[in-house]
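The same chain A turns up in both complexes below, where it pairs with chain B and then with chain C.
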Partner chain A sequence: MEIARKGPSLTARAAGLVACRTCARVWPAGTPRCGRCGAHLQSRDTASLQKVWAWWLAGVMAYIPANLYPMLVTDTLVEHHASTIVGGAVEIAHHGSYGIAAIILIASVLIPMGKFIAIAYLALSARHGSRVRPGRRHHLYEVVEFIGRWSMIDVFVVAILSALVQLSSVAQITPGPAALTFAASVIFTMLSAQSFDSRLIWDRDRADERRPST
Partner chain B sequence: MNQIDSTRLQQGSGPLAGARLEDLIACPSCDALYLARMPAMGERAVCADCHEVLIAPRAKAGIRILMLTLAMLILVTAALFFPFLSISAAGLGNRASLLDVALSFQSSHMVALALMTAAMIVIVPLLRMLLIFYTLLPVVFDRQPFSQARRAFRWSNALKPWAMAEIFALGCAVALVKVADLAQIGFGPAFWMFSILVLIAILNDSYLCSWSVWKSLEKAPR
Partner chain C sequence: MSDDTSNGPAEVPIEPRPKGLFDKLSIVWLVPIAALGGALSVAWQTYADRGPLIHIEFDNGDGIAAEETELRYRDIEVGRVEEVGFSEGLERVRVGVRLDKEFAEYVDDESRFWIVRPEVTASGVTGLDTVLSGVYIEGVWDNTIGPPRTEFEGQSTAPLLGAGETGRAFKLVSPEQLPTARTPILYKGVKVGVVGAAEVTEDGMSVRADAVIYEPFDRLVDSSTRFWDISGFDFSIGANGARLNFTSVASLIQGGVTFETLGSGGTPLAEDAVFELFDSEDAARDDFLVEGEGQAIDVSMVFDQNLNGLSAGAAIELGGLRVGEVISLTGLVDPERFGDNRVRLLVSARINPGRVGLPGDTGPEAFFDYLDERIEGGLRARLTNASILTGGLKVQLVDVVDAEPATLQRDARPYARIPTADPNIADVTATAQGVMQRISDLPIEEVMQSAIDLMDQTTALIGSEGLQAAPDELLATLEAIRQVATSEGVAGLPEQLAGLMTELQATAGQVSTILTELQDGGTPATIIAALEDLAETANRLPALIDSTDGVMASAQEVMGNIDGLVGSADGVMQSADETLGNVDQVLTGADGVVASIRGIADSEEFRALPGQVGALTTQLNDTVAKLDAIVQDLVTRDAVGTLTTALEDLARATEDLPGVIESAGEAADGAVAVVDSANALVEDARGIVSQAGQLPLDELSARVDSLLAAAERLIDQESTRELPGAFNAALTELRETLETLRNGGLIENANATLASARDAADAIADASRNLPALSDDLRRVARQANTTLAGFDPNSVIAREAGNAIRQIQDAAQAIERLARTLERNPNSLIIGR
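Right, the complex of A and B next:
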């Protein structure tokens, strides 16, 4: 059920107030700290986009070696085998576990790539505007925030395997260097998404709405 | 989903029509301003612009959260020490507890990764439970909140994205399939404890309405 909207929404900033993003309380503009929860107050995080791009770049840079170096090194009696993220998923698919291969590919390739593109798009559109309605873009932001953590699953799988598969010479699994850079990439991307001030999505369109149409 | 239980202040209705600041609520995600009105128990007040849930009170939420958190504290402590997964191949066997998993990267000079994994699957979830417990304990029994309650609850909110117990649980399933042809895998008691823990954590989060908590912390001493 949608509420009928008679006009552009009033924001805390337009009303001369500053909102606390932690507890949703409002204070007169210029108040430095929230009196209820003690969080720092800022009507719009002016450095938001800078932080977003800095973490974004770090995330992309860490993601490259994460795909080039082995994630998992398996030593058995007969072979020494190092597999990358994509290589590991392909092997699992060859064994017939298409579901698991799909989970790994989605969590470690599709989601990280999608996140890089989505965050870049959100940051660019917050600055230069976009024809896509802010409601849609906000939804995209929520998806990015929700889904980002799930990329850590591959790192945890490596942790579980290397703790468990320690059978002296018969079988032994150790993490490869990609485990570290992949984890770093996920964390940097999460920080990038968290630095984005989602209120920036709405500002431009709300300002347009208020302008008298001729 | 029940929409809007807070009235939108339209422009031109005067400078907030004399509403007191403590009666207003601003959407943390999109800055839209509303007159806050408590929805009925079980109902939710949702932002009309971005659909962020603003207020979602649940009946007896405080005492339920305390009880569930207590149960989780016991489970996580127990799950730390019991074997989590066991493996056997060619007559050799190994068992790993949650602690072993968290510290598995230690062996290969990846201390940073070991610390990070330990933090995300054990320390941060545990810390959040303690912080929520500390925040809510006096509030539930109608006492004055502890002096650091605001800081505790703020930290608990900030740490939320970094508690990844449920992701770890799904990771176990993936790990099982990955080594299925290499060796035989069995679940230890800690695995089941951990699975229950994840379910309780999801239930617990659905009870926690942060706006209601902040409201109840307003009387805390400064």
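Right, the complex of A and C next:
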């Protein structure tokens, strides 16, 4: 970071080197395999953005039914209740539990939506550049990667409730179709984030800086 | 790998290897494509699986919610309500239901829908699950595919035939009432159908309900089937005791209808056939008897007496068998036919020839031929008691002995007319009422009051000193009589009487001898001759009688005069009345005389009387002995011969009689004159009688009075007076004895007994005061018995027993009546105990 503040950072690629992503040994650029661990060496993943976009699209597609179909189906003696994610949160809010409603909304709506936006932004900026400095964008990427697994909290809640509340006809909670698609959406989003080659953030930055100088 | 790398860092030209489009594409793209494909296929399938939307209109949509309320077929969800709205004009609730596609094609014209709600009825609780799950719409349709339809009218109640149930629908009607909805139809205890909710018919005369019989039980029902109600229970009191009938506890609570096919050969149950529901099995069977097999034939009858008690539905009986029933009753006035304008009773009836015993297909003409034959033999319609207590009547077809000839009037209006006979009606109710009336009219309270008074007086009498002294005197009198009875004279009487009897016997023997001799002497022949002469004489009598007529006319005049005489005699009698008033005083004197006589009875002379009687008897004995001797004399002097001679003379004399009679005719003429004179004589007699009226009878009785007073004085001598003294001494001991008795508590006991008797009498008085209420109760009981017995079949064993019982009651009532009459005449018999 301190180096970065001083001036444009030097990438391995710019230095004609390639690092092994498995054991971190640096080799001259063009080395096809790591001499130490035998891993395949690649300076940049050329298909990275493709994969990002493919997973991203799948995640978005899965996210749509996850919001339209009921997440949790509650069958009691008296009633049969099916609630979607947002509908359930609103209902809980109506009952006065604003905190829980907020958690649900944040975990199941805000975070997935934020991830979609963040990943799309990173992918776009990797290709077309951005005014935001690469360090910040890399930071954003780390946040996305870290926070992604927490989106599953809703799915876990449903899974646990379904397992616990199985009192035959008296009361029964079963996951709705949305639970599955939501889980799929989260998984696809995580895969999308993982597919992103974070080194691309810096390449564009480097090219931008070089262009005026040359 | 290349040599350049070993020479240090250098610009490495990075040339992307030219690749094909497919090489560039990552395999990861398959994932969104697969996701898209999956989503599209799911969407397509959802759309393709969607069934049609049908609309059902209900009266109210209580509990129906969009997206929640299910449509069920045989309790399985086959659709779901998508929208709830109103029909045009907000008249009904319009529910849109999305059907499952696989069932949609079965929902066609005859589909029916209703809302299932929890319902609690006598027959159980239904739809309980809807309490928790909410209402649902139940649909029922057959399992054939018909033309699709999307608009339906929902029903307010579940149809009688549910899903999967097949059966035959018909209607039940009743002029009175039908059981509640969902009442089961039971056949030998098995539920084979159900009755729907009843509704009043358009004309308001009866109620009607849909009903179904499930398959295969519809085979059991045909046109000769009769339905009746077995709801509730039947309680009756009759000659056989109390009876409580109910089919089952279930039918007691929820009701029920049962049926029986009473005949064979009925036509099978047709769709929408109508059956009448009868109150009871008896009513159903009766109906079948009349309407059942064969063709019923209408007839009419005209009864001279317009009697109360006959009603439509009353039985027509032939030989005790119900063969028909009365259809209607009307009055009939036909002066031309009957010769007066009295109202007669025109009865229209329906008779089933099959019940009479004729073949079931007997037509009217054949039946009338049969009736003709019977009527010639004396068959007549007659009104008679159907129920003795209720006063209901029925019509009997009976052979009347010595009936006036009559024929069946086939062309009569409105129907062929059967001749009638006088009614045979026993009005038991009137008799029973009379008995009750008599009992309630009994002067029991007065009798009780009199009894109480009597008891009071008796108590006073027994307590009086006079009565206490009476036993003493009585004892003395008896002692005197005993002495007389034990005297020697009295003891000798029987022997003397025996002697007298012997003598009398001897005399009778003599008389017998005389009569024998008379017979032997030819006397009877003489008498016969005399009689012949008499006959001759009698022939001549008419002339005499003519004369006598004149005498009689004169005698009538005499009689007129005698009337006047009698008038005068009346005056005499009035005087005699007055005289009799004086006689009362005489009798008072006589009382004294009698008292004195009692004294005399104890006197020496009296005691000597038997002796004198003995002497008298002895003399009588002698007299009879003398009589005997005289008779003996008569015998010896041939008195019989003399008598015969005398009779011969008599015969001669009778020969002369005609002459005498002629003379008598003349004499009769003379008698007229004599009677005329008699008139004058009667006149005189009247004068005499009027004088007799003025006779001083008063004076006479006064004299008798004084005579009796003298007699009293005579008897009331000192010697006579001494007798009571002796009596008193003798009676004193008796009194002492009585006193010991009184000390012994006898009198107290008697008093107590009498007091109890008085209490008892009071109680009886109270009781008798309650008697009117009791008789009211009796009347009420009788009335209730009336209604109870009204329902009886008159032909059943019960009715016959009841008839016997009632006859006995009648006897008893008559006995009571007699008792009541006796009591009325002799109320004191209540006290005396007779």
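To be clear about the criterion, the second predicted complex is superposed on the first by the 197 of 214 C-alpha atoms of A that agree within 3 Å, B and C clash if a C-alpha of one lies under 4 Å from a C-alpha of the other, contacts with A are read in each partner's own complex, and residues count from 1 in each chain.
Here is the rule we use: contacts are C-beta pairs under 8 Å (C-beta built on N, C-alpha and C of every residue); 3 or more make two chains touch, one makes a residue touch a chain.
Nothing here was measured: the structure is a model prediction, and the numbers come from that model.
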Of chain B and chain C, the chain that contacts the larger number of chain A residues: B
First, second, both or neither for A:15, with chain B first and chain C second: both
Touched partner set for A:58, first chain B, second chain C, both or neither: second
Partner chain(s) touched by A:46 [first = chain B, second = chain C, both, neither]: second
Which superposed partner A:122 touches (first chain B, second chain C, both, neither): neither
Touched partner set for A:144, first chain B, second chain C, both or neither: neither
Which of chain B and chain C A:157 touches, first, second, both or neither: first
Contacts of A:183 with chain B and chain C, given as first, second, both or neither: first
Overlap of chain C and chain B interfaces on chain A (superposed complexes): 15-16, 28
Complex interface listing, chain B residues touching chain A: 2-4, 8-11, 15-16, 21-22, 24-33, 48-51, 54, 85-87, 89-90, 92-94, 96, 100-105, 107-108, 110, 112-113, 116-117, 120-121, 150-151, 153-154, 157, 161, 164, 167-168, 170-172, 174-175, 177-183, 185, 210-211, 214, 217-218
Chain A - residues contacting chain C, complex: 15-16, 28-32, 46-47, 50-51, 54-55, 57-58, 61-62, 64-65, 77-80, 184, 188, 191, 195
Chain C residues touching chain A - in the complex, by the definition given at the top: 1-2, 5, 9-12, 16, 24-26, 28-32, 34-36, 39, 68, 132-134
Chain B partner contacts - residues on chain A that touch it in the complex: 1-3, 5-17, 19-28, 36-39, 43, 74, 76, 88, 92, 95, 97, 100, 103-104, 134-135, 138-139, 145, 148-150, 152-157, 159-168, 170-171, 173-175, 179-180, 183, 187, 190, 194, 198-199, 201-202, 210
